[in-house]
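Heads up, the next two complexes both have chain A, just with different partners, chain B and then chain C.
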Partner chain A sequence: MYDIKALYEAESTAHAVQLRLEHPEAQIIAGGSDVLVQVREGKRAGKALISIYMLDELRGIRIDDEGNLRIGSLTSFSHITKDPLIQQYIPALGEAVDMVGGPQIRNIGTIGGNTCNGVTSADSASTLHAYEAIIELTGANGIRRVPIKDFYLRAGQTDIRPDEIQTAILIPQDSYKDTAGYYFKYAMRNAMDIATTGCSVNCRLSPDKGTFERVRIAYGVAGPVPMRAPTAEAMAAGKPVSRETVQAFAQAVLQDINPRDSWRASRALRQHIAVELASRCLTESVHRAGGAL
Partner chain B sequence: MEQQYKQVNFNLNGKDVSCVVDIRCSLTDMLRNQFGCTSVKKGCEVGECGACTVLIDKEAFNSCIYLAVWAEGKHILTLEGLLGPNGELSDIQQAFIDEAAVQCGFCTPGFILTGYEILETGKLYTDDELRKLLSGHLCRCTGYENILKAVKKVMYQRLGKTPEEA
Partner chain C sequence: MPNVGKSVPRVDAMDKVTGRAKYTDDRCDPHALVARVVRSTIAHGYVKSVDISQAEKIPGVVRIVTCFDVPDIKFPTAGHPWSVEEAHQDVADRRLLNRHVRYVGDDVAAVVAENEVAAAQAARAIRVEYEPLPFVLDPIEAMQPGAPVLHKEYPDNVLKHTSIRQGDYQTAIQEPGLICVDKWYEVPTVQHCHIENFICYAYGEGDRIVIVSSTQIPHIVRRTVGQALGLPWGKVRIIKPYIGGGFGNKQDTLYEPLCAYLSLQVGGRQVKLDVPREDTFVSNRVRHAEKIHIISWVRPDGTYAARKLEMYSNQGAYASHGHSIVAKGMGAFPQMYPCPNIEADSYTVYTNRSVAGAMRGYGIPQAMFAFESHTEDVCRRLGLDSLAFRHKNIMPKGYVDGFSKNENYFDSFNQCMDKAVAETDYVRKHAAYAHQTGEVRRGIGIAPFWYNTAVWPISLEHSSCRMVLNQDGSIQLQVAETEIGQGADTAYAQMAADVVGLAYYTDVHVQSCQDTDVTPFGLGAYASRQTYTAGFAIRQTGLILRDKILDYASEMTRMPKYNLDLMDGEIVRTTDGRVLLKLADLATEAFYSLTHSVHITAESTYQTKSNAYSFGCCVAEVEVDIPLCKVKVTDLLNIHDCGKLINPALAEAQVHGGMSMGIGYALSEQLLFDPKTGRALNNNLLDYKLSTTMDHPHLRAMFIENYEPTSAFGTKALGEPPTCPVAPAIRNAILNATGVEVDSLPMNPHVLYRRFCQEGLIADPWTKEG
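Let's turn to the complex of A and B:
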């Protein structure tokens, strides 16, 4: 038995909003692979929970009227990996979430939960940052959209207001079209591990594959929240597709990231890995985009 | 605080069932205590070891980090559901015996259910792919080699192939 004070089960998104207002002290639970473990650990023991897990309306992936790739917040990691639209437009995201935990965790874990818990090591987060995802929140006054970089306030804290639940993650068409990307998770084990550092890169090449039109890079565990590396991105934009550009780009990330010493790894190791991953991820992205180095 | 109960209706091993559960129950608790499915093992109880694995709508889940009330309307398969009408073992269970993939047996039901999910896809996997698909389970006795062999053996059997042909 879990030490749960009360369980309020949402029957629709509107009902979830109503429950949020009625029970401001309650914790939202989606798949529960974080929340239930924290209840077991004692960190969240004795709390009331609002379960949104049964809301099938928050599952599934489609292209919306504006051309955004719309991922329902309760879509599980395994369903994202298997989804044909993800495989076609943003395979790096499907590959990234295929590195979360193990197979059973990927069946219960949701992309909404992975972002709402505000953890820097979330495997989906760096790729979502690199594709400039928009977080859709539904509250009493309707829908609010927040760019993912503003959604993360600080470690473990995201911008969800007292009446809101996260209902979708949108990838704008301008971010995913004509891009190729790659995610590298550096961890100690191949399964059931948390990233020491994770890096997600995507690029758009000129039609002749000779110039970087645009490069995006984001990290997990390179700072208190997932982050882009704007100096490196600006440095690569408009440059020729070459090994020199890739190396200069990779070195430039050190001006943006701010990893810490922790029991998992030192700051120095993380900085070293961050440079290496930037180089490998951009190299693979170029290959996937049809370019050569 | 008053205790909170809820009626849950679902399909367990092919049979429609219903029961009243304390909302604080995990799916592991409900399957073991109210339905006697003791193949669903209590291991780590935090979703790391895979001993409590069951299939929900044909996908493997750690039942220890799944609320019992979420079983509503779902099809749940435990190891008990793999047996034939007269208690016959399924191909995957027999393969675990034949390949000596069982020692203490605590991880076995979970491994077999994930194995069953893998085999039901009808696909041919490489060893590395199988290792990744089986990676959500811990075994502290036999090592993983015989478990991998057992799953692989049934995969080839079901596809009517030998490793050489693949």
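Let's turn to the complex of A and C:
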């Protein structure tokens, strides 16, 4: 039994926006795998909820007119993993969300909820950062697009205005085209866990596979929000595809990340692992891009 | 046709897989009132006041009681048999709700409401004012002068200290040429994490109180509820349905007395107390954390001259099972590797942490981690082959323990190790893995374990059994050694069918739901003793029933009883093998005879005055990814000499479950307490790293079936033993792979990172380049 004041069921995106305006105190709920846990813990007990879970228009994955890979916000993790477009263009994202919780959670949990929560450990977040995803929000005045790095304001806080709901996540064509990536979830056990550190890397190699044209890397749990490592990225760009470049790239992430000391893991362990994951993720990305080290 | 020894399906399999099996919550009236406990937010202090004024206003709240309302009665909770000798009675040190709170999570007040939401809202609205006191979380610190005192009866916080002295340690260590290996080992607080949290509900019936509870020990809980509430024990009735695991946590009186008290406060209305998972971690029981110090004086030829042991066991805030746990671990020390000169001391110390009680292994998982890590460390220091060292020094065949009279009849340790070594190619691999380089290394490790069945002669051991014949020749069977998921009911049915002479174990209807008004008196399920202890009563009672059946058969057939036998459900004339009568026909006649109608039943108590060793070993193979500070268990094999197997498939399942718990103990599980506040940090199933099936290799279980001579069916302990050797086997495998001695559990990345840095296997990330 959950302590819920009221439940408003949205029948369309427009209706959801209307409900947001009518009930500014209400919490949006999609799959509920985070919100209901918080209600049970008492953190959100007694609040009204606006459910958007029945909005099938927010489900599914397609390539839009601009060539973006468009992921409806209510698409579940298990649907993302099994989607042919995801498997073709951005398999690292499908693999990343396949590491969320267990099978039941992956069936109910949505990528929109995963990002709107604003938590740094979300398994989708570092890969979406590494692919420079665009967040699509729909409000009373229509659609607003926000780069994902700006969408995350601070820990637990994302840029959703009082009239808005998140409706899609867009992966720009330039991000996924001719690009191969890899996500490594470092956790204390192999299932049902939260990332101690998550690292997502992707790279674009020159046609002869000899040079890094572009490398992108993003972390979860290396700071209060998911973050890129720009120094490391700049350092690798234009460099030869070699073990030395990979090592220098991995070492350079320490100039960008700022993990914290907590009972969940020490800062020193997180830094050590961040370097190791950068190296392993870039190595695997090179292999996936057809390169050799 | 024998039933014992066959892998027949569980008697409760269909009900459990189809969801028909009724657990406590399934039986509770959906309109029952709901109770919620308000818990201490400080680690130590006094409750000055409890303000319930806001909570009382919440719609649906029926009654709120606080620590100022409850009777001033202290009661014990340990699931031990009562002792009629006062000196051996369990320590009574807690009340239903406590004014002197001794850990974060202590019971301060309780709400009874019409539903869960109102109960939770009221619990949050209650304001408790405390007078805080200094607190202590570590047992050795708690023993120091000036440490905060938890219970005034124990001014040094030492609940109990016991010792073992053999020979003359101080003189023995003077022997020239001895090598001294002096090390500390540490094991953490862990929790049972049974699937079904503790739950009970209570209601009044006449002038009695009925409690339906998820417990391993209904008859013991009846006594403790009587003690806690000041009621005659006969006024209390406990019903135990199917339970979703206990692992020792439910071998304790948990919230049955409080729930009964709350029901009585609302006129005997049904009140349910369903403990949330977060509270189960903190406010039920945990396994004792221990710090263990071993000093071994070894001759260069690999024999022990003298040994010293000190064990400090973290009891937490209340006594529960108390010193029994660490004492059992200490007791294994002089037996496992006999040595003429031994000094051993164990201390059980109160601290301001969650209460430690029974948990699968009862002190042996802690002891085996220290003892078997130490065995490996001694051999490493001396450059000895650790397998040969174990064969040379471990308890020999024919060893008899003077206290328990247990005898090592079959050289079990060596037999189990030989089989494990052969099955895993241990010798070759151990040598091949010894000097690896590179980032990912493999290792193999072995650990034997000591265990004994049951609790005689420390406390009462007995079992009572009732058998009732039905019209169709089937029987009902009742014992109080409860089914707690381990498969006891199936084993009992197999035993009873063979003893009585029934065709199939399915002709035995085991009454799985115990009820203290109906079930014959017995002590419950614990100490890996159910098949051993209940086996005596089942065999004895089965023979009585069989005798009565043959009496009736003699009457019906006009044949002398000594020429009759009951086999596979038929009365057979032994002189020519002719089947004279079916048991079903005999039973129907006995029920409805117009000349001699009788209900054939049997009931008896068997008091056990023996015990049995149950040994084995584990071999673990691992892959250590040094830069990631991670261990992957690639193979795990347990070998057990638990006597004759009653049901090999169930035995294998039991071993798999224990090995799984061992993997978590080895690599990931630990309940953490904030040193600044004493609060548990990770009391949920996300942050407490219970191992998952994805963290397991294919688990292998094998047996050496030496028929146990003292046993009614040749069987002995298997419930707890599988979990005992896993952590040291994995630890020794990590040592084989990396050369790094890891002396604390869990061996998670935090610990491995620190150790690999110390040993130079990992460089500081900031200095890696330079």
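By our rule, the second predicted complex is superposed on the first by the 293 of 293 C-alpha atoms of A that agree within 3 Å, B and C clash if a C-alpha of one lies under 4 Å from a C-alpha of the other, contacts with A are read in each partner's own complex, and residues count from 1 in each chain.
Everything below uses one rule, namely that a residue touches a chain if its C-beta (ideal position, glycine included) is under 8 Å from a C-beta of that chain, and two chains touch if they have at least 3 such contacts.
The structure displayed is predicted, hence computed values, not measured ones.
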item: First, second, both or neither for A:Gln251, with chain B first and chain C second; value: second
item: Touched partner set for A:Met1, first chain B, second chain C, both or neither; value: both
item: Touched partner set for A:Ala292, first chain B, second chain C, both or neither; value: neither
item: Partner chain in contact with A:Tyr186 - chain B first, chain C second, else both or neither; value: second
item: Partner chain in contact with A:Gln104 - chain B first, chain C second, else both or neither; value: first
item: First, second, both or neither for A:Arg264, with chain B first and chain C second; value: second
item: Where chain A meets both chain C and chain B, residue numbers; value: 1-3, 190-192
item: Contact set on chain B toward chain A in their complex; value: 1, 4, 22-26, 29, 45-48, 50, 53, 56, 59-62, 65-67, 69-70, 72, 114, 132-137
item: Residues on chain C engaged by chain A in the complex (per definition of touch); value: 115-117, 120-121, 124, 627-629, 668, 672, 674, 681-682, 685-687, 689, 691-695, 748-750, 753, 762, 764-766, 768-769
item: Touching residues (chain side chain A, partner chain C) in the complex; value: 1-3, 42, 45-46, 186, 188-194, 196, 251, 254, 263-266, 268-269, 271-276
item: Partner chain B, residues of chain A touching it in the complex; value: 1-7, 9, 29, 32-33, 36-37, 40-41, 51, 53-54, 78, 101-105, 107-108, 190-192
